[in-house]
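Below are two complexes that have subunit A in common, paired first with subunit B and then with subunit C.
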Partner chain A sequence: MASISSRRLAKELMEIKNDGCPVGINLVKADDFSTWWFTIQVMGESLYKNEQFTLQFRFDPQYPISSPAVQFVVTDGKEAPVHPHVYSNGHICASILGNEWSPVLSVIAVCVTLQSMLASCKEKQRPIDNDRYIKHAPENPKKTRFHYDDDT
Partner chain B sequence: MIPMNSEPDVPLRDPPSQSGEEEGPSAAEQAKAIEQPPPQPVEITADTNLSELSAAQMYELNQAHETADVHRPLIAEIAPIAELRAEYENGSTLFVQQIDNLESQGYSSIRRTRAVAFAYVEQVLKSSDPPLAVATTLSTLEGTPALLETVGYQNLVFDDFYSVLVQLVRNVTIPDELGNKLTNQTLLEAFQSPAESNSIVVYMRMLTSAQMQLNAENFAPFLFHPELGEPMEVKEFCENFVDAIGKEADHVQMTALSQILRIDISVAYLDGRSEQLDFVKFSPEETTSSSPIVLLYRPGHYDILEGSYS
Partner chain C sequence: MESKNSIQKLMSDIQDPSDFESPGLRSLDTALRCSICAELFDGPVSLKCGHCFCSLCIREALQQKQECPACREDDVSEGHLRRNTVMEEAVAAWKQSRPYILLLLARDKQREGNSSRPSKKRRLNEYSNDVDTRLSSESEIAEVLNDRGAHSEELVDCPACHKPVKHQKINQHLDNDCQDEPEPGRSTKYQWDHILGSKSQLGKSANKKGKERSVLPTSSYVAGAAWFNRASSEEKDSPLPKKSYDTLKDKTIKEFLREHDLSTAGDRKTLVARHQRWVIIYNANLDKSLKGRKSLNGLRRELNEWETQQKSKTKHDVTDSAAYQMKNKSEFDKLVEAARPKKFVSSSASSTTKPPTNNLVTTPRRQRSKTEREAPPENAIVVYSDEEK
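Up next, the complex of A and B:
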């Protein structure tokens, strides 16, 4: 019997292929049930107009009980958006990816949440502890225990 | 925005005193836990005046207990309640008195577990008329996917979890592909498997959440942020404290779960505040259970009470 993670991801993928992604989000690759890439753009007026970012999802066999490891891709000339909750290595400080993860969320729901996080940004800046964090950051953002101090 | 630690392979749990956030052990930790030796009891010193602690402090105290218990299996064999008593003997006498109080009421054993889920399926298995119990339970469960969709859950986020629960209940009377019906042993094994156990717990969280959202006006007056104490919207409360993994169910969630599953639940609150120990009964108007599921609550955690009267 296929694992819960691959059954669930197969359904999510089928839905994306049948119904498409929400505006501004596009599937780049999903060749297996371990790593998926999406491009993400903020529609309308925002600080990120005309910018495009790439999001990487990594799934472990416990997905969706366990959260996916989600980060912006920062290789091959790609860059993470300049945002108070996004580190320059692509790691994202968002409670839904940490202690508020819920199996009710899907990959697309995470993309949409991050898209609106960017859309509501008022000032382009890196987290204050960016330099310190990226020096010692683990490869997998799920290994970081972020402290979530606001709702934005 | 402060990463608390960034070294790899460090357990992602800080002692509760250093962190206001709470999360359950990850599925991987739980899987690992099954192979580990049993935990050491945590000491609560006699100097601690538990009656002066706030609900949040009691919660943290018990979470500290739970944190020390990461090597505990997801669900254990039934144990004499004396084992629980022994854990508290060096600490508060009120806890010990409350435990004695339970024993005097016929609750002689305890099954350490994480959820109501086990007791729910076990009750079907132990029923005097299993085919009727299975039919009644399935009839309730089969109505729930539509309720989840009504509050906006996509079928794909709950379908797999739903199937796991329904299969298990069905297996009480219908043999699986190997020709075996559910037994006490295979039920225990199912709940010791993180994939199955977590699926069922997650589905029950979704049911709880749906019931609260469908009856928002009944629940709204009782929803407060556990740390800030501020009133919360039902939707927001559910997203943060019901759907999210590792948040423990409180009185409100238990009320909702008993309603949607149409079961009676009786909870003994072990809080170390007085010698008395009160049972709180959750009895929905529509109920299909012949006898209540009896649980023991310590702030932040539920176990199953077993005994001659349960």
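Up next, the complex of A and C:
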């Protein structure tokens, strides 16, 4: 009997393969149930026109009770979007990845939320504490306790 | 980690709403699934906001966060969970008819295929003709479906006691500790014993009220006694209360565990985790209909499996330290990198950068976790860099 997390992820993957991803989001690689990669683009008019980013999802055996570890990939020439909630090491300050995670959310739901987070961005800039954060940031963004002060 | 092969296997035997092409059936299948585990509801319960989940799923979720996962209604707790018996029946009926509907749909599709391209898929045609001639009525199809696991009547050797047991019955047999119980219905005495609870499964914990009631004269007031005893057997089935472990001594927690024949091995943290998990799976089991419930032994086995899984997750024994260093080189490098400027700052007391401790207090956007706050001391990191060389 496969674990609940594997079964749930298998179902999500099945849905992605049958119905495809929402516009602007593409599955890059999902060979196991521990790490998946997606590309994400912002459609229409936005500050990120013609830019493409890569998102990495890491799952633990408690998924979906515990949230996945989500970050932008910043290796192999890839870069994190310049955004007030995205640190240059790829870590993302978004409440749904932390204390507002809910087990009914899914990988695709997270992708869509991040896509709309980018789409609604008004000014391309790094978080004010970017340099300080990346100096001490843990490898896994889930280990950071973010303080969510912006409700946009 | 699972290999690619096993993933493909899992993907192929997973059932989900996409098995159906028609949007109506697809949404029906979706509606009968828990939004946490995406399986058909297992012991469905409703919260007061009306959202429904498997009992085990929502209990796990509430342990993390006291809110409805679907609507974030935050005034919820395990005490608010109510069995959703109608949903349970709907799921049972759907489970029964799902394969039948899929079979009919597959036949339909083949027939369409037959008329347009008669030469293709010959083997499938033969199969569908076979189905057509052999199965004239619905009940026959249902029978075939039930027998599809053709080996259900086959005898297999029990892995524990090596007695031959029907494949169908093997789980039940194991749950009963290899003691074959008489089929309910075979002996009225057994039924009465069962109702009267003389084989009290909960042992000491059966409450006194229930005991008093069961001494009622059964011979003269058979009907009345049966009524009372049903009431008492339901009381016996009341959920286990949650404990506030912080106020309990190790000894008391061990007593709780012993009450349910659970292991008392391990440190306090393990004991608490074990008892917490037991309360969850025990209570979730009670949210199922009587015939869907697992035996206490079955639950104990589940608890053991869960513990092994937990252990394998938390234990990261480093067996080959050289390989471990190679694997985590980038991480070590990062740590070394992070340590160097700090060392520099602290020695030169530069005024341009605040000391790290100050940083943490004034950081506006994030707070670091406790373990991080006890920042890796310089000397620890120096040790890492030494090891690297």
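In the analysis below, the second predicted complex is superposed on the first by the 152 of 152 C-alpha atoms of A that agree within 3 Å, B and C clash if a C-alpha of one lies under 4 Å from a C-alpha of the other, contacts with A are read in each partner's own complex, and residues count from 1 in each chain.
Heads up, the rule we're going with is that a contact is a pair of C-beta atoms (placed from the backbone, for glycine too) under 8 Å apart; a residue touches a chain by one contact, two chains touch by 3 or more.
Since the structure is predicted, the reported quantities are computational estimates derived from the model, not experimental observations.
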{"item": "Fit or clash - subunit C, subunit B, common subunit A", "value": "clash"}
{"item": "First (subunit B), second (subunit C), both or neither touched by A:18", "value": "second"}
{"item": "Which of subunit B and subunit C A:146 touches, first, second, both or neither", "value": "both"}
{"item": "Touched partner set for A:6, first subunit B, second subunit C, both or neither", "value": "second"}
{"item": "First (subunit B), second (subunit C), both or neither touched by A:33", "value": "second"}
{"item": "Intersection of subunit A interface sets (partners subunit B, subunit C)", "value": "3-4, 7-8, 11-12, 15, 60, 64-66, 93, 99, 102-104, 127-129, 133, 136, 138-139, 143-147, 149"}
{"item": "Residues of subunit B that touch subunit A when the two form their complex", "value": "1-10, 12, 14, 21-23, 26-28, 153-154, 156-161, 164, 194-195, 198-199, 202, 206, 209, 239-240, 243-246"}
{"item": "Subunit A residues within the subunit B interface of the complex", "value": "3-4, 7-8, 11-12, 15, 60, 62, 64-66, 84-85, 93, 99-106, 127-129, 133, 136-140, 143-149"}
{"item": "Residue numbers on subunit A that touch subunit C, as the complex places them", "value": "2-4, 6-8, 10-15, 18-19, 31-34, 60-61, 64-66, 93, 99, 102-104, 127-129, 132-133, 135-136, 138-139, 143-147, 149"}
{"item": "Sites on subunit C touched by subunit A in the complex", "value": "1-2, 4, 7, 10-11, 14, 16, 18, 35-39, 57, 60-61, 64-65, 67, 69-70, 72, 309, 313, 331, 334, 338, 341, 356, 359, 363-369, 372, 375"}
